[in-house]
Amino acid sequence: MPQVYTFENFTVTFPAEYVAQVEINRPKKLNAFTEPMFHSLGAIFNRLSHDPDVRAVILTGNGDRAFTAGLDVQSASEGGIIVNKGKDLDAARKATLLRRHVQEYQDAVSAIEKCEKPVVAVCHGISYGLAIDMTTCCDIRICAKDTRFSVREVEIGLAADVGTLSRLPQSGISMSFVKDVALTARDFSAQEALQVGFVSGVYEDKKAAKGRALELATLISKKSPVAVQGTKEVINFSRDHTIADGLNYIKIWNASMVQTKDVEDSMLAGLKKTKPTFAKL
Amino acid sequence: MPQVYTFENFTVTFPAEYVAQVEINRPKKLNAFTEPMFHSLGAIFNRLSHDPDVRAVILTGNGDRAFTAGLDVQSASEGGIIVNKGKDLDAARKATLLRRHVQEYQDAVSAIEKCEKPVVAVCHGISYGLAIDMTTCCDIRICAKDTRFSVREVEIGLAADVGTLSRLPQSGISMSFVKDVALTARDFSAQEALQVGFVSGVYEDKKAAKGRALELATLISKKSPVAVQGTKEVINFSRDHTIADGLNYIKIWNASMVQTKDVEDSMLAGLKKTKPTFAKL
Amino acid sequence: MPQVYTFENFTVTFPAEYVAQVEINRPKKLNAFTEPMFHSLGAIFNRLSHDPDVRAVILTGNGDRAFTAGLDVQSASEGGIIVNKGKDLDAARKATLLRRHVQEYQDAVSAIEKCEKPVVAVCHGISYGLAIDMTTCCDIRICAKDTRFSVREVEIGLAADVGTLSRLPQSGISMSFVKDVALTARDFSAQEALQVGFVSGVYEDKKAAKGRALELATLISKKSPVAVQGTKEVINFSRDHTIADGLNYIKIWNASMVQTKDVEDSMLAGLKKTKPTFAKL
Amino acid sequence: MPQVYTFENFTVTFPAEYVAQVEINRPKKLNAFTEPMFHSLGAIFNRLSHDPDVRAVILTGNGDRAFTAGLDVQSASEGGIIVNKGKDLDAARKATLLRRHVQEYQDAVSAIEKCEKPVVAVCHGISYGLAIDMTTCCDIRICAKDTRFSVREVEIGLAADVGTLSRLPQSGISMSFVKDVALTARDFSAQEALQVGFVSGVYEDKKAAKGRALELATLISKKSPVAVQGTKEVINFSRDHTIADGLNYIKIWNASMVQTKDVEDSMLAGLKKTKPTFAKL
Amino acid sequence: MPQVYTFENFTVTFPAEYVAQVEINRPKKLNAFTEPMFHSLGAIFNRLSHDPDVRAVILTGNGDRAFTAGLDVQSASEGGIIVNKGKDLDAARKATLLRRHVQEYQDAVSAIEKCEKPVVAVCHGISYGLAIDMTTCCDIRICAKDTRFSVREVEIGLAADVGTLSRLPQSGISMSFVKDVALTARDFSAQEALQVGFVSGVYEDKKAAKGRALELATLISKKSPVAVQGTKEVINFSRDHTIADGLNYIKIWNASMVQTKDVEDSMLAGLKKTKPTFAKL
Amino acid sequence: MPQVYTFENFTVTFPAEYVAQVEINRPKKLNAFTEPMFHSLGAIFNRLSHDPDVRAVILTGNGDRAFTAGLDVQSASEGGIIVNKGKDLDAARKATLLRRHVQEYQDAVSAIEKCEKPVVAVCHGISYGLAIDMTTCCDIRICAKDTRFSVREVEIGLAADVGTLSRLPQSGISMSFVKDVALTARDFSAQEALQVGFVSGVYEDKKAAKGRALELATLISKKSPVAVQGTKEVINFSRDHTIADGLNYIKIWNASMVQTKDVEDSMLAGLKKTKPTFAKL
């Protein structure tokens, strides 16, 4: 593991050329997140974003039982995050601290979405709360058959505030389902997640799911990185804008991107049935 | 039925603590809507919105045959709504009357969406026209197996104007399906509705569907009302805005909402495996 | 075929009253698109849009093997489109040419979406690249069982720039699926397309699919054209705007449109069980 | 004063055909607003909006010293509005009450902007706080030379929340000026208001300013009400949308509105130099 | 005058290198617009947009008395535009024709704004109605001292529908002034136009104003066309979007545009005090 | 100068309680910016944003001749920023580097706008290029009489890309003026800046201007910081959103912020004519 990717409770490896794998690694605590882990998460994805040796990323969790159980509630209820902060302040001053605090957490999680390289999420077992916040930032979501998802936050008296409520309604899945699981905090299965389109593949077990993720990541990393990274950026932009704005954006984007040598190389490789290689990006 | 909820053609009951049920009650006319019923509908949901004894609402229809057949066309074609209004006016002045008129109807129907408490729709039998306008305002949609849905308006020469055409494309369901049913006015079944995600559950009959709705509403009403109502509000906001705007909104929202005692109570209850109770809202 | 609809590589016919069918007709080259074909496509749909004898359109491809294989890469790699244009210019000047060029292609394809009459796409066989750009502009998508779809552009080093990346994320289908197929350029089947809602019907073979399309188009063309065309326009507007904006738009739209004689005629026909006829539009 | 316009602390008169004048009438308290006055304000403008005998409205204040001193702080600090409400509630529940409360006040003030008829504001003397909230809802703002404006709210520990901070940045005036006066709560003169464009006319004294307002209102009320009301609506819409959306909106709006007899009558009157009269609206 | 710019009632000349001048040329009718003139206007600006020999455009009117008196009301009231079209159609069908018709006029006028090269408007004398629609599309507006502007449309029973009401509220000028002149149709002087910022310069007479326009256009045409055309595009984009969107857009835009040789040439010229020349665009 | 504010070429002082002053300090080079200075600028404002001892900030430049001459072109043309970066890359890969690079610069400059405390800009002498980028991020702009402003970037072959083109069109100043100065790169004077509203005050010399800035900052710093910081945030939000969105935002914002003790303290101080003090924020 390169020095720049060494963070406690995370393991970053490179299972194939141009493919990075980020593993949440705190299995004894069901990969639950403490405050420092948020900052590490953000730092890792910010680095992957500009790393020329990376063209696709896999996000997964270590251990058999959980992708992540979400926020470490024990730690949060003891430590300062929500409960103890600013005890003597008036409600407005507390609110200001809370805003700044939530902003930091959001920035950390959004680093996954802002990462210029596609990210494939592989869920298994318990995938609660923060699992949804993080995977809705990922580009492709697949999971093992034993996965139990839950938008968990109402269970602890909270409207989810690090991404789930903003991104789920823009994920192309039934709003009736979104409200159902967000308002009740009930578990939903891998099968239900596939049916509504929250994941695009369910596999026999964690190993098979990770295998498929590696296939997908490898497949993506063999395409022109100019084409791949542009595709991610433009889809995300288009999700947030009108069709007219989306069309304009890809036009401006491709004004430079189509000038890449990759287009010619890809076309020729296609016509000649060869495998193209592409410069780093 | 409390005095404030007494309206002709509607029955409002309270089948469980914190759960209200609104029943359209004009079964002899397939629960078709006359003009005054629109105003009653709006008034009921405006009151439920701020009623501290309500935390979840069920919307259903009385009788075996229909949730609602939609606008009472007989009454509309005789009375003034569309056909007779402003006979001697020029087209611009008629248009002004029509705009004001549609605005009133839209406001009545939108009261369901604006209601701060989650609303679960239970459809059965004929669920035409206004049934879609109303249920797309609801948070969760389930139905009985015998339900026959239809976006009915083109059948009477109209583009649907009290909500269906605005909300269906934002409901996380296949646009090809949306256009198919909206342009042809054809019936679609409970099964098809489930497949595309228009409903998130289909039950054997009306009784079973109502039973499930009561379970959902009861489940929701036992969670922190601060968390639940925030979740509804923020999902609806996020549906209409960019991810960046959505993240900012939940941050500002939670700046006050996380200061509730409900968070601490929920967390402790979770750790101690007890059942929390929450103050009214 | 009327003179105004005579273009090389396209066949326009009128299989039923008020129904037009546009067939891509270059089967020997798998209906792949050369530069002039873009302009023809735009011209055809611009004319259909205001043609009073047309109320619904079918878009299909001639031949057994392909709806379309997309851009004719051979022709593109030889001719000027992307590779050869502006060899001696600096990157900024090339970018300007490219922007203008992409704009023309986008305008041609968007003519399908801007066509005031509903368009039903019928895919079969190879349906690659431009097939997705064009059909995401259509209102209803159905296909034959043998269809093989692919968002093809990353295969040739490109982020798709004539519509796919802008319209797919607004099509009410799983974003995980959208990114999966757009980032990998992998084929997906008719069945998968149905499961995620990209198409709303799969039929045994091309003939059956075309038969269903004709049924749909005929059904639509028998409704009030005022109601039908308003429905298309308002759904497309609502897809791109907030609920509040959508409600306002249909209110302004119907201020004139509800004044049509079609409303009265439709209502009376409904009550009397007769078949209404409507004036041209 | 017609019965429907009788409210305590307001005087509604009709100084010319089709012209209504709303006068804030609590001069002993510098026309400061108590809670019930908000509701009266909203009710008056809601009625004016659809009153066919009204085509233009003047908003002014009775007495020599003040248009309005804004919120009645004495009353607010004693009564419940901000300080006392919900003493025993947690911060989240208080926040909910506050949200509902601000919503009511905003709705009352926004009724001025939503009024379909143009509103001319005439300020004089002290014009503080709520004076800015209300007049930024008006279409035309003029004032007497002695006017002293102030965005007052930071002086009482508040960010202004019933309109000023939302509408000033959209009023076409220097943002440096907007922030200067909003952050310091300093007074600004009629002359400074004219220089930056907050008002479009300054007159010698209150009488002269009211005289000019009557001229403007009379002039407007002699034009086609179809043209005038459309102009107000479309400018307000365009302020909030892109140019493309604005162009589309006026196109849809005029599709019915240009069908008025007023266009022909106005054109002929122009060519024949006669004075047209127009039907009510 | 090159063949491609030869249109009746317009004169296109090239008073300096890279500078084009478009003159409305129907002085006997105060340069009033007939229907065909709209199409010519659009065609001229569409050609200028991509003409590599043009880097700045001046828009002016021939004759002493008027820039333009606007729509030729005589011709409009006789001919078909508004009054006579579709006499036998119902209001909805008339509305459809009107929408298509307004769209054509809007497209013609918007061609000025879409022209990639900056356009300087020079007004003088009568500058009514369409004068405002056209000049709000221009980038810089200056005028002679004798100019009399008027947003004329309410005078003929219309809300202005080819651009004025959409663009004036986005022009950085006092909204109170905008509503004043749009609702009353009153004349406003060159001096008032300067005071509110509608024009950015007033000159002694038409000759002086045209002289200044030529100076401005010449100055602009000597800068890098890459920098100039990017500046126009990005300002127009930013006017219609949030700051965040605007910042993102210029970032993507400059990703290609900064690669021009013009940057190096401009920098060196600045350091060496020489005059750079730039390749065509 | 506290350690945390020690950066080369910047001097941060505290001329009054709660008031910070940031001085660009490279007078021998007319305060021109090198690459590291961007990062320092961002770091300083990020710290000021959350510093509880700061309630208002002044931004100024050291030396008599210049606020800043903008980008250090000499250094830029030698060093890597624009010209030399990525010599061997294809145009698409260069574009990627450029995008990342511009993003960094934009983030640094936007830190001024994102600073939660109001920032007053004081310009004098040469205020070119980056001077506009930075001051359009400030809340209040004032200047000395000798100031010479210029949107300089087209002079070096660039469309301005770190803020000017995005923020000027949203600054409430004449768009004709904005385009005039942005397209020609001409100087404009303090007087012209005042006339169009780019600055809201012009003072005799730099000393007088700094004196006024200190008065403004001190005045602001004596108000409730809850009210002041909310006012800044909500005005900036409202600038970028519709009126409806703006009203909703301040409602949510004040739900917590009005719960501050500052409201009661301010009201009582107003009624008792005393000077309130407020807790840190």
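Letters A, B, C, D, E and F mark the chains in the order given here, with residues in each chain numbered from 1 onward.
Following the convention adopted for this analysis, contacts are C-beta pairs under 8 Å (C-beta built on N, C-alpha and C of every residue); 3 or more make two chains touch, one makes a residue touch a chain.
Everything numeric here is computed off the predicted structure, so don't read it as measured data.
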Intersection of contact partners for subunit B and subunit F: A, C, D, E
Chain pair with the higher count of C-beta pairs in contact (B-E, C-E): C-E
Whole-Å separation of chain centres (CA-atom averages), subunit B against subunit C: 33
Whole-Å gap between the CA centroids of subunit C and subunit D: 47
Centre-to-centre distance between subunit D and subunit B (centres being mean Cα positions), rounded to whole Å: 34
Subunit F residues counted as touching two or more neighbouring chains: 91, 94-96, 170-173, 196-197, 226, 239, 244, 249, 252-253, 255-260, 262
Subunit D contact footprint on subunit B (complex, rising order): 50, 89-96, 100, 226, 229, 256-262, 279, 281
Residues of subunit E defined as touching subunit A within the complex: 249, 252-253, 255-256, 259
Residue ranges of subunit E touching subunit B (in the complex, touch as defined): 91, 94-95, 244
Of all residues in subunit B, those that touch subunit C in their complex: 73-74, 76-77, 82-83, 91, 94-96, 98-99, 102-103, 106, 110, 113, 153-161, 163, 165-180, 182-186, 196-197, 239-241
Partner subunit C, residues of subunit A touching it in the complex: 118, 139-142, 170-173, 196-201, 216, 219-220, 223-224, 226-228, 230-235, 238-239, 242-244, 246-247, 249-260, 262-268, 270-271
